[in-house]
Amino acid sequence: MLNQQDVLIEKANILIEALPYIQHLAGKCVVVKYGGNAMLDERLTKKIMQDITLLKYVGVNPIVVHGGGPEINKTLAALNIESHFHNGLRVTDDAAMEVVQMVLTGKINKDITAGLNALGARAIGLCGIDANLIRVVKKPPVNGVDLGRVGQVVDVNTKLLKFLSEDEYIPVIAPIGVDEAGNSYNINADTVAGVVAARLAAEKLMFLTDVDGIREDPADPNTLLSCVTREQAEGMIEKGAIDGGMIPKVRGCLEAVAAGVRRAHILNGTIEHPILLEIFTREGIGTMVTTSEEGEQWSTGK
Amino acid sequence: MLNQQDVLIEKANILIEALPYIQHLAGKCVVVKYGGNAMLDERLTKKIMQDITLLKYVGVNPIVVHGGGPEINKTLAALNIESHFHNGLRVTDDAAMEVVQMVLTGKINKDITAGLNALGARAIGLCGIDANLIRVVKKPPVNGVDLGRVGQVVDVNTKLLKFLSEDEYIPVIAPIGVDEAGNSYNINADTVAGVVAARLAAEKLMFLTDVDGIREDPADPNTLLSCVTREQAEGMIEKGAIDGGMIPKVRGCLEAVAAGVRRAHILNGTIEHPILLEIFTREGIGTMVTTSEEGEQWSTGK
Amino acid sequence: MLNQQDVLIEKANILIEALPYIQHLAGKCVVVKYGGNAMLDERLTKKIMQDITLLKYVGVNPIVVHGGGPEINKTLAALNIESHFHNGLRVTDDAAMEVVQMVLTGKINKDITAGLNALGARAIGLCGIDANLIRVVKKPPVNGVDLGRVGQVVDVNTKLLKFLSEDEYIPVIAPIGVDEAGNSYNINADTVAGVVAARLAAEKLMFLTDVDGIREDPADPNTLLSCVTREQAEGMIEKGAIDGGMIPKVRGCLEAVAAGVRRAHILNGTIEHPILLEIFTREGIGTMVTTSEEGEQWSTGK
Amino acid sequence: MLNQQDVLIEKANILIEALPYIQHLAGKCVVVKYGGNAMLDERLTKKIMQDITLLKYVGVNPIVVHGGGPEINKTLAALNIESHFHNGLRVTDDAAMEVVQMVLTGKINKDITAGLNALGARAIGLCGIDANLIRVVKKPPVNGVDLGRVGQVVDVNTKLLKFLSEDEYIPVIAPIGVDEAGNSYNINADTVAGVVAARLAAEKLMFLTDVDGIREDPADPNTLLSCVTREQAEGMIEKGAIDGGMIPKVRGCLEAVAAGVRRAHILNGTIEHPILLEIFTREGIGTMVTTSEEGEQWSTGK
Amino acid sequence: MLNQQDVLIEKANILIEALPYIQHLAGKCVVVKYGGNAMLDERLTKKIMQDITLLKYVGVNPIVVHGGGPEINKTLAALNIESHFHNGLRVTDDAAMEVVQMVLTGKINKDITAGLNALGARAIGLCGIDANLIRVVKKPPVNGVDLGRVGQVVDVNTKLLKFLSEDEYIPVIAPIGVDEAGNSYNINADTVAGVVAARLAAEKLMFLTDVDGIREDPADPNTLLSCVTREQAEGMIEKGAIDGGMIPKVRGCLEAVAAGVRRAHILNGTIEHPILLEIFTREGIGTMVTTSEEGEQWSTGK
Amino acid sequence: MLNQQDVLIEKANILIEALPYIQHLAGKCVVVKYGGNAMLDERLTKKIMQDITLLKYVGVNPIVVHGGGPEINKTLAALNIESHFHNGLRVTDDAAMEVVQMVLTGKINKDITAGLNALGARAIGLCGIDANLIRVVKKPPVNGVDLGRVGQVVDVNTKLLKFLSEDEYIPVIAPIGVDEAGNSYNINADTVAGVVAARLAAEKLMFLTDVDGIREDPADPNTLLSCVTREQAEGMIEKGAIDGGMIPKVRGCLEAVAAGVRRAHILNGTIEHPILLEIFTREGIGTMVTTSEEGEQWSTGK
């Protein structure tokens, strides 16, 4: 049985284990996509906020991108705004867009920001409208269907993100874009995370999801892949081994890696402290999506 | 009849008339409280956005504080959230607070921000939650009535406001505060404007309202006062000559002036370009609330 | 008939019209060549000083280059210094040079500087001697005639000009150069303006003259050209359509444009506020000399 | 039994426990006195180096002061330099001083520096001679005995210490002082640590010793005091409860606290990670010496 | 006889002798008043320029104020402008003022500037007009006589002088002032030097004159005083031992010293390298005017 | 016979002679290798310290690299540590390395540093261990002989050297390197000087030795070469005209020059003020090693 002091020393040893990872990431940018199911459990959410705040305090520059999740549908329903669909694609009309924006930027974004700040961080909630952070154009019709107020990213105001994140602030970004005329648009949050990481040449991009990562056989948890290369991932999408909501995440990873992000990860955000587990342990967790060369190195140790 | 060139020269002369005012305000902070009825007319709103953008580009550092107005009630109604009242005071319960925050920070705040940015500004929408911009405590019960989620300002993060407004950005502030635990609270926007101006020792604080200013006789538009001192204003509140929604504005002016703001103004925001009219013309518009000494000087010219 | 308030609103609208031009020029360098006949009328001179001061206060970085004009001849005459000519070319001997320098740097330069500063600017009068601002070599004999103390520019101290003009100062430059040994030389002011604009890659170079611009037919004011390309201008010089004192101005424009200045203008400095008219109106005034590509765009709108 | 993931989560929880302490110390200066017996065990030494390196990487500015210990005597003996004593006080003659300086600055100082740098720190070994870091005068005779080359601190070059420690460097200071003429002197390392902490108004001063702290009854380990006030400590010195090598440490603490250092600690440097245990756990370890007021607060929680 | 190498070593020893003086003056401001007879001999002038350039390069921040001398009268005469006198006081009418300004700022100022720059300095010629460097009001009538365009200093733009002299530039100032309306005025150069030194709290103020300093008996060169206190100097003015052109210099010294300048000197500018002789030798030259306390210290060594 | 004032003026003339050299070297880096016999005479040493301090104060950035000399052998002997040799090459075992490090970094380095600081400099003694200033790997066996703790330079922390030397400090470097694991190694000081100068692209590298420079005929002092090109120097090494301790110095020069150092010099450090003689006189002293092109220019004047 360990006495009191041995317990403390064991704790100190664990802090020291984190040192090389802290040293490696010092002053670098890490983009965390956080959303959907990962934000449903308040207790887990707090642990993720702690992870991000700790990152900031040990010298890393985190940037948070969040998604929407069930709140939007709940509010749409409460306001009796029906969602229209054309051939299975949801259409964001002006009434829906107003709600989407209110919920994303006025509720979820501010809740995350308040959660971080209550832990001593200095997070600032932003959306693409602020200083034209995310410039978009209206997405062209898909299969002839006009999707309404859905945007396609054309530019990111990286100057603002550096101004804030290289100072004492943590930017928290809601996935709303703005066009030249000042109209706002809905954007896929995974895409926003990928583009932001790519434009900032972030050191890491992390998608917090509700699965452990990519599985070779989606049905078999024992087939979790700790690392997939670009080619592997594209093959898996093609043959359907990656599908559904996982596709934009994997695509976000691939695009970010192609644009210079060193490592992109798909993690399970429904366990405790997923960010710290990935960053501060030798093994990491989840699936790392990477270029072929990096993938090869990986096989010989993180 | 003026020919083309004479018209242009006349325009140039008007630009030159603005020069001494531009010189006087260069590098100084001007807080604009904008809200309520002043934001109902889209055409007028655009002109106010133009005024603020022009201020920024001629070297002034504007900060915008906005209020809520009818949007909140409209959304509360659409969501079937009833407002409770105790002895005539409205109580903000948790359900109402969620809506208030969504509408203020997710709709009105972002609309103003988008409006400014569409004109070439780089506005950033903030509320008291962001980097704990406005720290509050819960307002104590008034006459024994717990008003719910209504806050009382205890601190302003002036460091963040200077960081942004002395750089290329225009902060746009929604009147939401946050307590130590991260809970958000509703605050009177006029109070926020007054406190922000006071803490920044702003050069000017401007309340855009729907009246021309303070009248000696509220019923008689010909009794508009262009300047009232602290003592006069307090006397008028006491004897009821100033009442209703004008009280928090006048109080905001008085507190700001007492705290070092040079001049506080109550203007009609429902005319075109009220900010430019006040700032860039010799006569100014509206009512200036000021200390006694300043009031005396005023009588001999602006 | 407009009432008082409508007049003020009209003035505000005119200020707002200037906003896009202010935004476009923010932080950019504009070189103004001012001299000769344009400086004879004190009332007009003051308006030009106002234009330059306004430019500085709305965030543009103006640099003024001035010429000499009749003052030099007047002082030479008063001192009984005869000007010698060889084959029609004036020769600047040492005695004349002393007078030229005194009048340019001690009278005209300081008068312009004082005029700007009386309007609230912080102008600093300089000549090529100051910190070796304009390094010259003696001009080689022209057609065998030694022109005496006439210089040919070999270098410009752009570091000093940026140090001052990117801070709060407006450099006002007299066209005197200096050689390695510290001897001063007379230089054509148009040439100085062109070289300074070129070395600083200024956004604009403006020659204030006493004509409206370049005319297709010099005799016919209705043939004013609002834009000429390099090729057109060279053709016109060749066939004599541009001649006399206009040649160094057009050449200054062409060289500056060739060296990276975006737009070079020849304006009438004898009307009121010519600089504001050119910069802050959609139509502009005078003739713009530009590269061919820019010229083509021009035809479709400024 | 914990599975692999639970073990990792437990580690992450321990990192998070450190967050409030990291936040509290961010950007602050911590002076660590390290020496004597605490540096004999190479394995423990490495753990102390890890603690200091971790401090630096989580945003604290550590400064290390070290002592000498047995190395000096070993080298003096190897060189057959006898130590002279007068009435029990050791006299540092010139020959001994040369050895003291060589061992302190050329061996111990560089070993600590190399140890830190091998862990990824950027430590710089200094002594009082470097940029006149520690200015001394010769200590006056004690009881009529001239102690030779023993110095009394008169000034500390805090500018250099801030220049280095507020940048990426960790200063490591050997207790050698220098007089105006450039002669070096031996100084008590505990005194140096106290003076350096005092002049920098450090947040913390930590003495790593070979005992657990101050005991009420020196003979009874169960009487360890976790906090003593100035008055208590002075009383204990007077009545002999604190004696020997503990006296300069306690005095160093008292002087530092009197000069503005917030908290001074006496810790056992022969256990693992003593610095992290003190800083990053709620209970801390060792004895804190503090002012009376702070001592009172202490009784109600750290 | 010294061989070649010994001669060189002797030279090196002389450089080393200057080291303590260089160290003492590093980064400090030294104002040199230079004018009148001291600038008549071109060979001596060059040596003074060398002194000033050397000062700049060894880390001192010199500022030069110059006077006018015979050039003004020569040009007035050549232009047939008569000087009017009332009761022995010269009246500067507008015509004379124009000449005074041209000669001072356009000839003498630029000649000194060119002389310094030919030696590798980066001097900038200024007068009170530039950025309103020296603000004056018209001097009130003296004994009922209106002296015309003669100014009394009310403000100095020390910001500009620091901006230039703490960077790589040497300001060279002509004694012309400017009033609010932009009119220029003649000012006594000694007064300008004194005021500039006082406002900058210069380390030294040096008047280069054509006498060796203040003599106890003006007629006897052997009675040169190396140091006089404020009281002594005032006594000597009262009893007439200091008179004529020496009075404004001594007054300039006294005012500067009273305003915080450490040492003010009256030197003979007609010997070679007077500035270096004063600054870089133990004995110094000329007379130092100082406060009483400093005077006392002086008696025991420089 | 010169009177007092003429003597002073002569001194001032000598200061002025140094001006062009001071101007040329302003802000540039000069590396001085100082060691061995040149540091035996305390009086001469002080003069070299003066030279280096003067350089710093006139705006040059000197960096000192020193060697070891007889002190090391003396201390090894006193400690009865025998030096082992294999085939004439000395082997540095661990015991010897400890002494080498102590003497170099704890005695010689600190003595030089103290000497400079006593003259008013702010020198900081460093070795390769400090902030990993000189990274080495163990030198591979030479002719099959393992030389023990002898290092080969692989990297220099130029960031630290610039951080200190471009601020107010003079780095003084002992020739000790460090490997990745934190072990220290002995390195040839001449090599260190050459590498440091090369990596910093220093303006000058100066080896202070005990000979006048390179002689065409080593036996004949009249054959001193004031300049040799790379090719000449290599030819002379090959045919044995340069040998012994001169070889690493000449190689250090050649490598430095090849890497971008403008001029490398071999000087006699046993005369007074060798650094000033080389830098501040037209003729210079010693032998300059240079590229061929520079060598050709040299023949026509320094």
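Chains here go by letter, A, B, C, D, E and F, matching the order in which they are written, and residues are numbered from 1 within each.
Operating definition for what follows: a contact is a pair of C-beta atoms (placed from the backbone, for glycine too) under 8 Å apart; a residue touches a chain by one contact, two chains touch by 3 or more.
Since this is a predicted model, take the numbers as computed values, not measurements.
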**Q.** Partner chains shared by subunit A and subunit B (touch criterion as defined above)
**A.** none
Q) Comparing each of C-E, A-D or E-F with A-B, which pair has over half of its contact pairs in common by residue number? A) C-E
Q: Enter the angle, 0 to 180° in steps of 5, of the rotation superposing CA atoms of subunit B on those of subunit D.
A: 120
Q: Please report how many Å separate the Cα centroid of subunit D from that of subunit F, as a whole number.
A: 36
**Q.** Between subunit C and subunit A, distance of the C-alpha-averaged centres to the nearest whole Å
**A.** 55
Q.
Touching at least two other chains at once: which residues of subunit A meet that condition?
A. none
Q: Take each protein chain as a node, join two nodes whenever their chains touch, and name the resulting shape: line, ring, star, complete or other.
A: ring
Q) What is the sequence of chains around the ring when one begins at subunit E and proceeds first to subunit F? A) E, F, D, A, B, C
Q: Using the touch definition up top, name the residues of subunit F that touch subunit E in the complex.
A: 5, 8-9, 11-20, 22-23, 26, 47, 50-51, 53-54, 57-59, 119-120, 271-273, 276-277, 280-281, 283, 285
Q. In the complex of these two chains, what residues of subunit C are touching subunit E?
A. 75, 78-80, 98, 101-107, 109-110, 113-115, 117-118, 122-127, 129-132, 160, 163, 167, 169, 176, 178, 180-184
